[in-house]
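First comes the structure, then the notes that go with it.
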Amino acid sequence: MIARAALEIESGMTVNLGIGLPTKVIDHLPSHLEVCLHTENGMSGIGPTLPSDRADRNLIDAGGAYVSTVPGSAFFDSVTSFAMVRSGRLDLTMLGAFEVGANGDLANWKIPGKFSPGVGGGIELAQKARRVVVLTTHTDRAGKPKLKTECSLPLTARGCVARIFTDMAVIDVGPEGFELVETAQGVSSADVAAATGAPLRIPNTALPSF
Amino acid sequence: MRLPNKTCAMGATIARINDGDTVMVGGFGVPGTPMTLIHALVAHGAKNLTIIKNDANEPGMGIDHLLRAGLVKRLITTHLGLNAHAIGLMNAGKIEVEFNAQGILAERIRAGGAGIGAILSDVGIDTELAQGKQIVEVEGKPHLVETALRADVALIHADRADPFGNLGYVATARNFNPVMAMAAKCVIVEAEAVVPLGALPADAVQTPGVFVDHVVALETLTEEYAVVER
Amino acid sequence: MRLPNKTCAMGATIARINDGDTVMVGGFGVPGTPMTLIHALVAHGAKNLTIIKNDANEPGMGIDHLLRAGLVKRLITTHLGLNAHAIGLMNAGKIEVEFNAQGILAERIRAGGAGIGAILSDVGIDTELAQGKQIVEVEGKPHLVETALRADVALIHADRADPFGNLGYVATARNFNPVMAMAAKCVIVEAEAVVPLGALPADAVQTPGVFVDHVVALETLTEEYAVVER
Amino acid sequence: MIARAALEIESGMTVNLGIGLPTKVIDHLPSHLEVCLHTENGMSGIGPTLPSDRADRNLIDAGGAYVSTVPGSAFFDSVTSFAMVRSGRLDLTMLGAFEVGANGDLANWKIPGKFSPGVGGGIELAQKARRVVVLTTHTDRAGKPKLKTECSLPLTARGCVARIFTDMAVIDVGPEGFELVETAQGVSSADVAAATGAPLRIPNTALPSF
């Protein structure tokens, strides 16, 4: 799924990869791709992650990983970093999710009573990037669907999600809800529909798999 | 991964400016004014422009060329004191002029660039600049709603740029350029030098290339950039 | 004319912090966190502090020392994900925590530093972070009033400083330091190197000394500044 | 009067000198004074004005004069420059005036129908500097008083002026209006009162002269 999600990134884009699964997409980007990776704590042009023995103590990404520069990297402060986000300079952000609603709502920051460490930069990324895609397991640890008719958890942003990449499928959020686009190898459309907590539109034509 | 290359020819970029567009122009007096891009805009001839610039330069310089060519409908500015020609056009009703307090103009542009709807400020609340502005109380004190400004195009002068559009400015030629470079749909930069990717240290970048759309290398500096004899 | 000299000893500056003060602390994770000034504040012992910082560092690091010493009444922050100890104090009701969207926290601090009363933003308007906030329409769209934040004292980490307080930062250790250095009545800087006046090129200054009150030279960097093994 | 006004600047201050008369104060500052001069177009630590043959084309003050640096000068953009002004980092500003009211009101930017080039940075300097002093001729070209009970011209800011330096006198704006502090050599208190368009409080004690 991570390799498939990486194909979403096109030449010329400025992209923010959220903490967790999305960050791993960086290892699947082809070297010829002309892309600018952004991190909230104040950097454009992120280079490969470094092991701690080669790390620069002053150079981390928003998830705390030690990263490196590429030719043309720039450092800036936190206000400038979010000025980029809010003014629409991110072509794409890839985020994790607790729940995605069939209307594109995203919940990914708080489970009341269990997990509430604060929202960090998530709201601004979800609300303001030009295109928001989600990378997530299709179901939670208890096997319950993360894709639902409506989110039950506190929202990060309304109607923001355009596409979802899971271990089972690629699903778009269309005007009438979830639409199956691709399936993982060995997974049928019926499998995906069964693991999805909302109606899933399945096209009549054969779907590609990844 | 490599960063995208945004260098291009001047004519192609300026041709994107349409009649009726709002255009921000960097500079405070001569320093930082993109003289060459302005001449290209005069040659291109887009009309009914709204120009946002700190000042109107001096007669026969900078954006005064746009005024003389009759391309400007409206000017959002802070001070025209050095350009009697611009004041004459204003007094004759040939251009509309909106005056802002200088730091508030800068903040309104910055708000546009930062994706903020407006700022609340008490600057000028006792003056005629407050007329017609919405008032909101913050902690019991009245503040003016100063709305964000954005533009279709920003014309920026930089001392140096790399192909991704990372910029550096020099001395007081910085002024309004960094905020305007954040606040337009299309940001066009003229740079005195275009250096290879990696030649600008990452810590020394003053406008990150993420904000920039097109970089044009200046081949020569015309007389308009020179010290003004007074 | 010469520029004033603001270098001083750490103890004297930290002693200005009083019980009940609001203190901004730079840093995002380890980079840019003024570890040494924080230890001096723990030793000084001012109580009932309101701390404004992006995060609460990790257990046993940075402002976690202030939490452990029981000096913090209230924490204004964006994310505590790396500090389970801080989350425990919050859940037990031992500290009040106010969460902000990260860029909005940065903008609220910047507004304080820029002498603006508030910004109007639609960030989080659909979420529970909007609760209790005043709403103002801008061009027909609802925006939240996000009020300016100012502090009694800001604790800043810089890579380099001159005696007037001109500062330079390095890599992602910049983060919240430049805005916090604008937004407090008393701005105290710890610098890894204090260089002579004139050694920082005027174009390369990242925080102008006009904003800075006191500069403390770091003689050694403790283990807390080092790469964290995970 | 300019030399006298220069004495207002104390060691440790950050000061903005307005366009016109105030800018000339710079030539009267003693070399040992530790002071930081600020200009709105983006510089702290202004050094001496330069003739055009030695000027840097990119280095001007807000009035367009070619200036120079001192060790420790810094350049910044227009937003940062006014952030300093509005957040109270200017200890002192010296401004010109068309009129000053006995209540401290200042009018210095517009004469309706005659002169209205825009306010520039004047409002923010007048409203936000910690201390605002005015340098002006005592009367206008027609010989009419510039110091008046109330300003008749559009205001720059209300109640902002603390002290006025003129060719005739130094005058404070107190809670009950204008108070004579010093007179110029050869000028009597009565001369000053006669040229002032509002009541002038004159102390019983002998006044210093400058």
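For reference, chains read A, B, C and D in written order, and residue numbers begin at 1 within each chain.
The rule is short, and it goes like this: a contact is a pair of C-beta atoms (placed from the backbone, for glycine too) under 8 Å apart; a residue touches a chain by one contact, two chains touch by 3 or more.
Keep in mind the model is a prediction, meaning the values are calculated, not measured.
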Q: Treat each pair of touching chains as one step and give the shortest count from chain B to chain C.
A: 1
**Q.** Furthest chain, CA centroid comparison against chain B
**A.** A
Q.
What's the distance between the Cα centroids of chain A and chain B, rounded to whole Å?
A. 35
**Q.** chain A and chain D, separation of their C-alpha mean positions in angstrom
**A.** 56
Q. If you average the CA atoms of chain B and of chain D, how far apart do the two points sit, in angstrom?
A. 29
Q: Specify, in ascending order, the residues of chain C that touch 2 or more different other chains.
A: 107, 114-116, 121-122, 169-171, 202-203
Q. Residues of chain D touching 2+ other chains?
A. 43, 75-76, 79, 82-83, 85-86, 128
Q. Each pair of chains that touch: what are they?
A. A-B, A-C, B-C, B-D, C-D
Q.
List the residues on chain C that touch chain B in their complex, please.
A. 107, 111, 114-122, 134, 136, 138-139, 141, 143, 145, 147-148, 168-171, 202-204
Q) Given the complex with chain C, which residues does chain D contribute to the contact? A) 11-12, 14, 29, 31-38, 43-45, 47, 69-76, 79-80, 82-89, 128
(Q) Give the list of chain C residues in touch with chain D in this complex. (A) 1-5, 112-116, 162-164, 166, 182-183, 196-198, 200, 202-203, 205, 208-211
Q) In the complex of these two chains, what residues of chain C are touching chain A? A) 28-32, 54, 77-82, 87, 97, 99, 101-104, 106-107, 110, 121-124, 126-129, 159, 169-179, 225-230
Q.
Show me the residue ranges of chain D that touch chain B in the complex, using the header's touch definition.
A. 39-43, 52, 55-62, 64, 66, 75-79, 81-83, 85-86, 116-124, 127-128, 154-158
